[in-house]
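Structure record follows, encoded as structure tokens.
Labels A, B, C and D are assigned to the chains in the order they are written; within every chain, residues are numbered from 1.
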Amino acid sequence: MPLSKDVQNQRSEQQFKITRVGVTGVKKPIMVKRPWGNVTLNATIDVYVDLPLDQKGSHMSRNVEVTGEVVDRTVREPVSGLEELSAQMCELLLERHDYASYSEVDISADYFRERNLPGGKPSLENYEICSRTEAYRTGVIRRYIGVTVVGLNACPCAMESVRSIYSERYPELKESLERLPVITHNQRNRSQVMIEVPEDKEVEVNDLIDIVESSLSSPTYEILKRQDEAKVVMDAHENPKFVEDVVRDILTRVLAKYNDFPDDAHVEVRSESEESIHKHNAFAERVTTFGELRA
Amino acid sequence: MPLSKDVQNQRSEQQFKITRVGVTGVKKPIMVKRPWGNVTLNATIDVYVDLPLDQKGSHMSRNVEVTGEVVDRTVREPVSGLEELSAQMCELLLERHDYASYSEVDISADYFRERNLPGGKPSLENYEICSRTEAYRTGVIRRYIGVTVVGLNACPCAMESVRSIYSERYPELKESLERLPVITHNQRNRSQVMIEVPEDKEVEVNDLIDIVESSLSSPTYEILKRQDEAKVVMDAHENPKFVEDVVRDILTRVLAKYNDFPDDAHVEVRSESEESIHKHNAFAERVTTFGELRA
Amino acid sequence: MPLSKDVQNQRSEQQFKITRVGVTGVKKPIMVKRPWGNVTLNATIDVYVDLPLDQKGSHMSRNVEVTGEVVDRTVREPVSGLEELSAQMCELLLERHDYASYSEVDISADYFRERNLPGGKPSLENYEICSRTEAYRTGVIRRYIGVTVVGLNACPCAMESVRSIYSERYPELKESLERLPVITHNQRNRSQVMIEVPEDKEVEVNDLIDIVESSLSSPTYEILKRQDEAKVVMDAHENPKFVEDVVRDILTRVLAKYNDFPDDAHVEVRSESEESIHKHNAFAERVTTFGELRA
Amino acid sequence: MPLSKDVQNQRSEQQFKITRVGVTGVKKPIMVKRPWGNVTLNATIDVYVDLPLDQKGSHMSRNVEVTGEVVDRTVREPVSGLEELSAQMCELLLERHDYASYSEVDISADYFRERNLPGGKPSLENYEICSRTEAYRTGVIRRYIGVTVVGLNACPCAMESVRSIYSERYPELKESLERLPVITHNQRNRSQVMIEVPEDKEVEVNDLIDIVESSLSSPTYEILKRQDEAKVVMDAHENPKFVEDVVRDILTRVLAKYNDFPDDAHVEVRSESEESIHKHNAFAERVTTFGELRA
């Protein structure tokens, strides 16, 4: 076989470094250990390194090779989580791309978890988990893990507006209007938390899911018989929330649960409601650190 | 310039005809006449012809040329609607592809329309319009026009479940529970109607939008101040609907409005609710003809 | 617990039947038997029944219950394929919805399969498989199974155009231009085949994948070292294809492989190229039956 | 009308501020002045403010009102660009949300522009433009404008690999292989540049489009007759590029064109190739400032 030129190793004429270069959208099944047995995550993976001033191209097939090696190993030896897998990949990336000073692995995957319905029966619910791992040749590594949860929020503002209109219009029903939740718009909500995990700590995604679900007006469920459905509706209306409330409640619970995380650990929380009364969405976000939250 | 072989005109070795061949996802601005002035639709266009047994390839650049010619003409002479434009395109396609016996043009576009809020103020609302036109060399032409509307539906079943639970639990509030709408889940709903337009008739998309919006629990609006928001919530809860109800109500209104349409004219109606209490959607559909609906 | 009204069982005032009503976008892991072990498919499932004239609503939670029961059983007893699973679901749906005369289950899922690189090394490739099963209370059942494959096609027309321009411009290089493939545009192509499976036959999805991949200019691979990459490029350029060619080649192979399928069995083939020289796509489709193809 | 409680103005129990809160996905037509006449952009708009510690909720309807007022005014008085419009919106947002210290408006829209084909004929091409404007109550305002361009890139590495394989295999064709571009994989590429525009400068989106298109292996066109198509293919193969090259070439041209921009002005460049030989993409990115690029 003739030796072709290594075009990637040529000198780049234009002396600009590249922040991130790699492959995006690689699909892979990953085997992960869970307390109740191994599960297969269908993951979508992005894998990057940086590129110095004087290198023309990155050897992208190495990114896919590293992904293949580390992920395929999970079939024999399931990993404890995406952070472990990503950290292994980041390390190998720096080994194989000797010109790189930085490597990054971003993973997202559907995740299934059994939840108990309001009435007690189990239901298998679908979530999205994601991780981001950034490694520097200096040895510094930053790991982030997060979840996206689809739930339900009911609007507290419209509830008060309707309550006061009905109270004026039907003074004889005042007692009922004060004691029972009043109609309001409610809708599908997509909320997300992502936190930086210090090297000596672990974060369990089920805990993050619990934090988000308990911060919504109500979780949602795949199977709801009539009484369960009523229970979810009543729960949500007894617990109306703005997207701002959802974000603050997640922050409160994150701070309580991970109270030993260092001040410089990063936190991102987002909540987006697919407003039933509008064609657009309502959105709230906090991007911060544990230190700022504690201040 | 040397003449290259016309590869498309070569004989295909395998004697299979092709049902549809062409280009998809062509983006074009189209100028359309409206009673209140000309509007620009940002359209996405698919353009097809069929291909006989003995022809290797279709000359796809002709599809884009026909699209360009007919659409660009609208800048000087706006068309009355997507049906007119598509019919012109279909005719030209059959002229330019002399081997074809069939041509088809599918268009979808965002569409903006001023609507009056419950409180009377105007609000510019966004819809999607679509058209499909099929022409045969025999002279037969079939034209379909449709709209997709985002609105709101409230669940009648959960409302009754909550009503009966509350009535049992709070017998003293019985009167209120019987007179006022009770809390239920409500959500963003996406409903669609598409009908076949006979050659001697016209269909105004605003009429189709009116038909769909009046068949939902409530339309949705971009801007809602507090009292308007309450009004939309109350309207929707006084008018709870299953997706099946939305489909049937659209069918009833279509039948009334287009009562002179022939029996063989086609109708498709779909309604999909992005259930606030589930992670999945609820969906209902009727695919039929005016004749079947009248039976 | 008080008994609430069964709103769904109420009579509908408007006497229109509903073609399909149900739930869409239910996500579930399905365990499937493969020769080399069990694999988990992350499936997205739509489940419908029809609704007669006189029934107000369909009991949609039954659709999700049926899905849960049948799919969860696969964890203990993996199914041989999506058709088997769907047929079980369709049967149960007709049992649970006694007013329905029709049930339908549509499933799509990512699917991973080990393929050999041109150079011989294995690579895990990603495909999409889908199935559609329609059951009638009369006992008739129709099962469709299909795959979507991402591959590569190179344009034969541009190759000939460039060849003739270069031949005119560089008559001294004529020999080379005639013996070697000439540059042309090539691009990511997404091709799909879906066929109806008679009750007494089985279709293996790997066979459908083989049929599509061998009908493209070349399959694509996740990991390609330099020599493999050159091989894929050379293969594709020795085998340039229009989307029409891809469709015809798939039809030819389907007809040969399933030569004992009855004349009324349905076949759908589509090929879409994400043209590298355009912002839009090229598309070809054949919707037909085995009988028509044999004619 | 009874006065309902202003739920948004209540004190929040949990003392966390919100980084951004607002509405996302608002669709609006915007009228923009161009040298050759006014054009309508179909925009998707996100509008945010921040929220202090002690405020429960943001009045989101004000975001949509501000959007409506400023955008609707463009029908009578077209704006010069998205930056002007966004700056007006940001200012009004800070006026109407007196508790906010920050406002942000993000806009994206399809944009059409006439380009000349290699052969000279005009073709209307589709691009995406976007802008982001951030305003602080301190008076600081940051404006970013960007474009996303779909074009074509051909791989230089596979070209060299094929060249050396063919040269070894066909030594008699050596001259041709050295003088003419050799086959390689090429594909649809999506490249993006976004730059910060100082208050006293203007950036014309057409210039950004020119910068990106000239940095690709070739622009792509809607209509290409046979000779034009060959020209695009030959151009692209005479100009093979990695995504890294595309990013660096854009950076070089940005630096030359905007040589009077201050050192702290921000630049982001991304290039993603939908690899024809893989199912995943290749991606490169540089996030930097003019100052860093000049260093």
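Please note the rule applied: contacts are C-beta pairs under 8 Å (C-beta built on N, C-alpha and C of every residue); 3 or more make two chains touch, one makes a residue touch a chain.
Values in this document were obtained by computation on a predicted structure and should not be read as measured data.
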For subunit C placed onto subunit D, the superposition rotation in degrees, Cα atoms, nearest 5: 180
Relative to subunit A, chain with the most remote C-alpha centre: B
Chain centre separation in whole Å, for subunit B relative to subunit A (CA means): 34
Whole-Å gap between the CA centroids of subunit A and subunit C: 30
Centroid spacing, where centroids are CA-atom means, of subunit A and subunit D in whole angstrom: 26
For subunit D, residues contacting two or more additional chains: 1, 4, 26-27, 64, 126, 157, 161, 165, 222, 224, 226-227, 229-230, 278-280
Subunit A - residues contacting subunit B, complex: 125-126, 150, 152, 157-158, 161-162, 165-166, 170, 172-173, 175-177, 179-188, 218, 220-222, 224, 226-227, 229-230, 232-234, 236-237, 274-280
Interfacial residue positions of subunit C with respect to subunit B in the complex: 1-5, 7-8, 12, 14, 16-27, 46, 48, 51, 56-58, 60, 64, 156-157, 160-161, 163-165, 167-168, 242-245, 247-249, 251-252, 272, 278-288, 293
Footprint of subunit D on subunit B - complex, ascending: 1, 4, 26-29, 39-40, 42, 61, 64-65, 68, 72, 110, 112, 123-124, 126, 222-227, 229-230
